[in-house]
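There are structures below to look over.
Next come two complexes, and both contain chain A; in the first it sits with chain B, in the second with chain C.
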Partner chain A sequence: MGRRLLGLVFVYSLALALALVVYATGSLQPPHEIKRLGVFYVEETFFGNMTAMSPEAVTAIVWDYRGLDTVYETAVFFLAVVAGLAVFRVSKTPPLKRGVGLTEISRTSTKIVAALIVVVSASIALHGHLTPGGGFQGGSTLAIAPLLVIPIFSYYALLARRLTPGLLVTLRGLALTAIGLVALLPVFKGLEVVTNIRFYPAYILGQLVSGSLLLYNSSEYIAVASGFAAVFLYLSFEEEFHEEERGEDHE
Partner chain B sequence: MILVYLTLLFAGLLSTLFTYLAVTEKDLLKAAAYSAGQSIAYSILFQVFAATDILLAYIAISVGVYSGLLIFIVSKTERFEV
Partner chain C sequence: MTSDLVFWAGVVVVFVGGVFDFIAGLGMLRFPNFYVRLHAATIGTIYGAVLPLIGVALMALGSPIPNNTFIAGGCLATALVLFLVAPIGSHLLAYAAHKARAVEWSPVVDQLGEEE
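Up next is the complex of A and B:
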């Protein structure tokens, strides 16, 4: 314990020394002017000639101005989940039993919290073109709901409601296909790939939807949430089931 | 402005403490909890830096998904580090 405390004192001394060096060099002061690139995005995202019709500059950059970067990011995440699922190599789900779960108090509070998580995540994703947030942020928030439900109610609660890993992986594939289609559709009208405002309407029924940004955000929302949920479900299956599955594979 | 610096100082020191505790802890479940504490301290930093988009992704991933994954993985091995 004494050694641990000594280590902590050492770490804090190091942090203090670093902070003093940073302060002495004057790097702590924030810049007084915005960089030219920053000014461009702030001025153009909603009002300028090169507008993405979105008051949220970050979403406009992520899905419109630098859309190709996001394509690669989504591809990396997609491959990571595919690799994760490939490690388990599970083709079936465990037979349905009645899960035990935790106490009534935790069950009731989880029901309330899970409902709140779904609402908040939908708000983060679907308002992604208006306020901070977006598809990835909303999707990763929604993924917390199954993560809570699995230990509290046991994974049978999800399987009994047909929320199987197979369905989640299919949903994920469909959502990613939708992202691809939204990016490719303008090509059929002779426009560039990932065209936004020149192809998609900025307003629908008087509501600002920022062209393709809402479509990208909602598809990414489903893709990220279902990808994470599938991984959690596979992880929650008992080791005996995984061993059984592997044994059958070898035969 | 002084409140911003004080919040930065508090969150920075808190994150350092949680990181140190997470690294030196032998009980892996406790280490996962310390790691979540460090993530909360970083979330405060992101909010102070006005990086709300990063914050929304970071808090869900680092406090929720990451801690959940760690607990799942610990459940498949042993709780205490030898």
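Up next is the complex of A and C:
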């Protein structure tokens, strides 16, 4: 008890000393002047001459001003999913059995919660150009629905509805192709790659869609959700199945 | 006048939630085994999280800040989802621990065992 108390006192005094040093040197003070880049983004995202027609500055930066970065990031995540598939060698899916799953209470509530997750994730993704959120956030929220279904209903419930890793990776490939097409289409009219407002309309039927931002967000939504779902699915296959498949490969 | 009343009702509810959080923390430390500690943890989520969220919603409704109904609606929706999900979480934890025989226990009544 004495040693524990001594350790506690030591940790607390260390934290206090660190906090005092940080306060005294003022190194954690926020800067008083806004950087010129920050001023540019704040002024231009909706009202300026180089506008992205989006009131949500983060989405404008991610998909418009620095859109090429995001396309590369998306490609990196796609490569990670494909590398995972290659390491686990999921070329086939396990033979269908009847999963056991968990109790009736959890099954019923999962049905309600999964429906809620789908609705909320679609709202996050499709309002990404208006409010905080976007394709990646919405997609990773949507991927929670299969992640809930896997332990509660067992992954056979997903496989029986033809939601296999192969299909999900194909879906992800299609969504990524859509992102690439949205970025490349302006080139055919003689504009730069990832052109936004000069090529895509800002308003459709009076609704603000912020040009290409809505297209990027909805494609990224499908891409991220199917990518994460594929990862969750092939990680949940039993070890015996992976070993069996590897054994067949060796023969 | 009414808005003041709503605001202070919210403050009281948040404070009560804090007290329940303290009780739940004490329970997690002092209760003897997994199942009873699970009870303390669920007190922490229902009375210690759902109740303060309702309190914050009342505080938002009772104060003249902009978009206060938006904040209150978000709080109430989160409270509803937590209210739905937290009991299921503890139900599943208890079920899994019982099924896997991961926890040693000495039951007084074992209705799950009688069914098997």
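What we mean here is this: the second predicted complex is superposed on the first by the 229 of 251 C-alpha atoms of A that agree within 3 Å, B and C clash if a C-alpha of one lies under 4 Å from a C-alpha of the other, contacts with A are read in each partner's own complex, and residues count from 1 in each chain.
The rule is simple: contacts are C-beta pairs under 8 Å (C-beta built on N, C-alpha and C of every residue); 3 or more make two chains touch, one makes a residue touch a chain.
The model shown is predicted, which means the values in this text are computed figures rather than measured ones.
> First (chain B), second (chain C), both or neither: which does A:Tyr12 touch?
Only chain B is touched by A:Tyr12; chain C is not.
> Looking at A:Pro132, would you say it contacts chain B, chain C, both, or neither? Reply first, second, both or neither.
first
> Touching A:Trp63, do we find chain B (first), chain C (second), both, or neither?
neither
> May I ask you to decide whether A:Ser106 touches chain B, chain C, both, or neither, giving the answer as first, second, both or neither?
It touches chain C, and chain B stays clear.
> For A:Leu116, decide between first (touching chain B), second (touching chain C), both and neither.
After superposition on chain A, A:Leu116 lies in contact with chain C alone.
> Report for A:Tyr216: first if it touches chain B alone, second if chain C alone, otherwise both or neither.
neither
> So, does A:Phe77 touch the first partner chain B, the second partner chain C, both, or neither?
Neither chain B nor chain C is touched by A:Phe77.
> Between chain B and chain C, which one contacts more residues of chain A in the superposed model?
B
> Using the touch definition from the top, list the residues of chain A that touch chain B in their complex.
4, 7-8, 11-12, 15, 19, 58-59, 124, 132-134, 136-137, 140-141, 143-144, 147, 228, 231-232, 235-236, 239
> List the residues on chain C that touch chain A in their complex, please.
Touch residues, chain C against chain A: 81, 84-85, 88, 91-92, 95.
> Which bits of chain B are touching chain A when the two form their complex?
So the residues of chain B touching chain A come out as 12-13, 16-17, 20, 24, 52-53, 55-57, 60-61, 64-65, 68-69, 72-73, 76.
> Over in the complex, which chain A residues touch chain C? Could you list them?
102-103, 105-106, 109, 112-113, 116
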